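Report on the following structure.
In this document, chain identifiers A, B, C, D, E and F correspond to the written order of the chains, with residue numbering beginning at 1 in each.
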């Protein structure tokens, strides 16, 4: 496969050790992560070449973040350096009935300072086979949104498939425009989206209608009508029994039918962050490898379930490791 | 609310990292805790002013313990410094069918050296709105018992409500008096007690009688008869499926009826120590805040359940965090 | 009881902290372990004198490994020093559906360099009451196999009972002989073996036959026919629901009947390595202490279940701690 | 002594463990510090009551920072909660010829968002005996500068002595005013300042003049002329032989003569941050305790030298520990 | 050489990590140590068989302490288990002009509870070649002192050389007798002592007299007169330039002349505890190996200097490693 | 500059934390390093593109090692995967007079299994501007030596300058050939070598001769006579005052004169490993950047001195950081 290019912000992630609460912490574990970069890293573990495009401050933290991408096999040749600071998020890991908790400190980041024209998308995408973005990027700043639009339109022009995880986060979108105003033009250029019922309502004003069939199917039909380039609409359903025990299923509307996966029980959760990104990477890998929607979906959910056992944002799991779980073997027997 | 004053010993807690056994340990995590101080810290997290009264050795360990109280918002203005040493307890955390294990090394502590008159309770309690003690304190030494009696009687005189957790520990009570001899006079001054059937038998010779109704109800009626100041008698029931999985319910006899809470499943347990103290603090907060026994009890059990997710002795959980769990939402969904 | 002598390789075990994957690890926890040595250490915790015989390189790692044995009460007086290197295994701990993973790096170890005659078994075994080996040892090198045969035959001559865990590992056995060629002569000298249906087939060509009764019983009867010294054949059945949750049962053919134990639920698993060795040690202790096959088997499975709560290879659990679990109390209530 | 009130920003300090470089770090040690708060903490260790006034974001990091102050004995009753974020600085510890390195990420902090009138200085200072600020505060924002001026003028009105460390940092001062414009009005209200020749030039345009005597003396005379309230001008001279070895001397112009201290050799440096704040705290303590300028200066430099042995920003050293060093005993003999 | 038997208390040592002060510490590094046990461990590293005799509480901490001795090659067959608790000492490591600091918490230890007759010294010493004790032991309790006397007299009877480090610690000796009363009878049975001028004065009332020659020589002559069995009196001189830099020399009066060693510069100090015990072990090894007083003394001081580079109480250094330093090569060149 | 290609083995480096001895260690810090790779990493920090060529086992440790190279900016596109195992070295860090100590466990590595023809050097070197190797590589195996010769000859053919660090290690060279037999043909193709007097004698039989001038000059002249392609011969002189304090000077014979650098004092040493590799990288950078032998040499020694402050094998220091030290400023003043 040709390389997958992902685009989005990367933050320094500072998590308290073990289950320590923020007010107890004398130490933080440090790594770097962001929704789109997590997809790129996961793909690299699956053996698919990937490159991440972002903007870092020109300091040692930016260098460290860039080093992390390369360490896990992601190309970094088009990353820009400049601007104010690296966004940060603080993470405290929950257990039992106590939720994990995130404090964001990402305003005024180098990425938010992106301006259209800084990135030469023709150049960046010339060898690419896929482009992926998420709804976080256009929420960060007007410049980021416009850069994203530029990327999508360039990909469209070059005939490169585009995927997006709509990922609506109400607390972002602070720069004066709303998701309702910005997202439609971006999603128009997409071939595949991950989108929940809630996102469809919040971002596109689409509500389930009885005449289109039950719930999510109705939403998918309307989405395809509004955005005719979209071929597949995918979603995961997470049930949360406790902070330590979730279950996960995936669904895909491929324009014809609604595919479903078995339910994966996930307990005890090691690290819940990045589960959706692991799903997305699994989906891209699965579609490419299996040329079969059901298998791709099964692979994606299995990959996402496995992510919950991996510390950090990114799904450091190989395709070999996903396969048995995808085929229903979650026994986790010792591998010698 | 006016401040809650708690009184009791604080020990240095030395716990092995992770699940290491004592004989493996090359390191100990250090914190400071004690039943009554744990209540004070938890109340401070709930936004209720609290002060802890104790006696520390006049060395850096005493200073560190005092610093821990202040760090978590507890006032320390009446702590005494002097005496021999700081009591210590060593903790090894269990899992599966292996229990957690405690080694006490608390003899001859500064607190045990307390003598009546060292603490000026009139002064200490003059701005207080509540006084709390536990059955550990009178078990430690004759001086501690007498200081506790002095505190209770002063509170009674000043019209300050008094609560106690009877907490019978047979291995303590080494100084020549028995709980049966000492406790009744102390409990006489209490408005609310946490007391199990076992404690009622061991400390007050009260056994369930058929004519008073079934088990705990009968005990409560007799306790109220013997100690007419007591208005509420509370208890928790813990089922232990394994060292990693317990469940918890609370009951309260309010003089009229026996209230109960739903059962909370607690798994996987992070730190079991201080669950009872978290309950007590939740109860004080709940009674004060809700003016409703059932809600207070529900809050208390939810707080106690949450404690099992927090490392250390004290329940570093805010009231905002208890509320959803109290209302039945134990889903632990990520908070951004 | 007179001392139990165990014989086998010990490796440096390097495990990633927490749930870190190998490619994330900047640190390894280091300990030393090996199937037979794990049995010796566990027996020492049960109060049974034990000695381990092996060969270490004459460097600080060999000294450290030897020190670990002594630390946990195992005698080390007949260990040889010499040869190339200490074998190593790297361990990554799994969770949920992600398995634990081992990378072996044990070729050309000091132990593999053992030659017949290096060890004076008459001298070593003169005060022994039991000799234990596993199928790992003869798989490592021709010299190790011959040394093992020498030990078994000496034990037979001295009237010392011999136990073995057949433990077939296909990836070992690289030195030109097969388990089928080597094992029978070794097992001939055994009084008790732990052997699965799979091992019986792979190592001795024994398959269940309908005329001997169902599955494992048939295998046991044939094993006893082929190796008439064998009095008991034992096995455990592990069900793996996930990397974090297994269950365990034990069975024993004592020549007359097939004994079974209750099923132990094991969750959440702390460290799965050495579960079989803990079982073996429990069995030796149990047979010696209870003189009752069922109780011995019950003790062995309880010991093995408890091992899953202990970090490292060896079961640092006392007999006092096994007993309640063996009797069905897996409640793991706090021990003060 | 009545309490010393300090005013200024506190940042989260994230330092790499040991000598790790930023690009190597997978972990950060976390503490909280700021020039003025460091003075307050040090004074509390010396037994002088102190209170720190600042503004924190209303989140767990703000709570943790506030908890750190209380842990070390500083009062926090007038701290404001609100605004955007907590400023951060990243620290990498140097050695040999490699310098320690700081990356600031402090823009848009809660403290920078301070507005005049938010703090009721009449109320805050009503029980104070001393007010201390540094040149960092007015450099952060116009609001911070105005709040500082308000504080100084209130102190002047209440007859409370005021000290300042001019501490010119060119990279700050980004909000549109220069130090030259802002500082004079603030320094006008001071009784004692720490000020280097460089700061005098940069902030007040004062250069040494031959007619006033050599170098620093000339500067001091001019400073006193321009700011007649100033009674003492103090400075330290640090020689840097390497990142691991510095030396330190102090000088004080008391309006009459230039006092000097012996030179302290400082090697190997554990933590260089906060050396100047330790000096300032030592000076306040020394002046108050000894009523003797030379002794106060000697104490201050000894305190600052000792700070280099303490991890973190603040000088966790008692007066008892400073005294022998102040008297020339730097032998560091074991204290049992 | 036949085994060296040492006798004395072992404490749990809890040291803060790095240079953390007690009031900062959230963690302690744990090991076990005591003056006499440190000698035994060091001898075992030198290849001399050694056994330590002490009394531990019968709990996991006692087991862990005993395990540490065995780990480093010391025999533990005569250790008693019983009594109250394990003594503890807390250690904070100094740097620059800040001293290391020890908080003792050793009262009422299992060792202090020793009673004469508990230890069968005839049995213990029957295979011994040397007996060693220090002045700490008789300072702890009357029972410990009497046990020590019993040991010394038994050694004398069996013709086993006896060494002592007089090691006067004023703060001990709390049980009602003074060193002046107790020590002479014990030292009477010694063949070799380490004793400073100060100890000679404090414990035996011996002051230098002009007629016996200068300082320490005079003291030695008087000591030999008073205790005619003593053949060698040894001492070290430590200069303390800072907590991080000391120097060390050794002197020995062998009845005829005063031998001296070169001065060893020791910087930067890693762990200063146990330097004297390392010296003592080096002396025993040196006397036995070299049969030459000067070489023995040179070895002892070199061993002690090296100890300062080793974490923990005991000198984990082989004789091979001491030899070059003893011969003047302190270059510390990398050993591959 | 075009990329520098380096070729050689990389090992897993396992170092004990702090100053822990091997026999104390319960943990190892893990990184990956090797002489030639260290040069590549250092060059990447200086902004010079670099690529490392080696062979790793096809397992997670090989992936991790490869990830480390990319993390620090080194290209890894021609690394081979296959063979037995990753070589390991264990490191214990010395202090004072105790040397650092290395235990090698590198036999039978994937790299040692290299065979001529596995690497297509024409392809690898086609875009290269420099090729670097060391005397370690041909010492490892015949295949490694032949691969190295192939690389050198290809570089010569392509007109790419070749540098080597002769680095004689007697303990390697176990495969049946001697350095004397193998090295001359390899060095013949070099333009620049780092070579000590000792290496010249051991590897080429060259001893200083009076007629060629004093010591090293004589050696250089003979080396140039024997290997006429060599233009520069370089060496460093390390004086070792202790394990914690070394000094360093560099010399270069450029065919005309013997250049020298000032002496750098290096104390306290953080990590001594890789000092020579840092020198080599500094030399390549310096020659390329300054086009001036003296400046290049000064840069190289300054870079090497700085390496001693960096944990791990590789010199994570930028050119900006070397420059002040090269110009004589070793003051290590805090960089904000």
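Annotations
Simple rule for what comes next: contacts are C-beta pairs under 8 Å (C-beta built on N, C-alpha and C of every residue); 3 or more make two chains touch, one makes a residue touch a chain.
Labels paired with UniProt names: A, B, C, D, E, F = Sugar kinase.
Bear in mind the structure is a predicted one, so any value in this text is a computation, not a measurement.
Between the contact lists of chain B and chain F, the overlap consists of A, C, D, E.
Residues touching across the chain A-chain F interface largely coincide between the two copies, over half of the numbers being common to both. One of A-F, B-E or A-B repeats the interface of B-C: more than half of the contact pairs, counted by residue number, are shared by A-B. Chain C and chain F have CA centres that are 45 Å apart. Chain C and chain D have Cα centroids lying 63 Å from one another. Our note on geometry: chain C versus chain E, Cα centroid distance of 42 Å, whole angstroms. Across the assembly, chain D contributes 21, 23, 26, 67, 72, 101, 268 as residues in contact with two or more other chains.
Of all possible chain pairings, those that touch are A-B, A-C, A-D, A-F, B-C, B-D, B-E, C-E, C-F, D-E, D-F, E-F. Here chain C touches chain F in the complex through residues 14, 21-23, 25-31, 59-61, 63-64, 67, 84-86, 88, 90, 92, 101, 103, 105, 107-108, going by the rule given at the top.
Every residue of chain B that touches chain D in the complex is listed here, in rising order: 67-68, 70-73. Those residues of chain F that touch chain E in the shared complex are 18-21, 23-24, 94-102, 104, 169, 171, 240-244, 268, 272-273. Here chain D touches chain E in the complex through residues 72, 264-271, 302, 305-306, 308-312, 316-317, 321, 325, 330-336, going by the rule given at the top.
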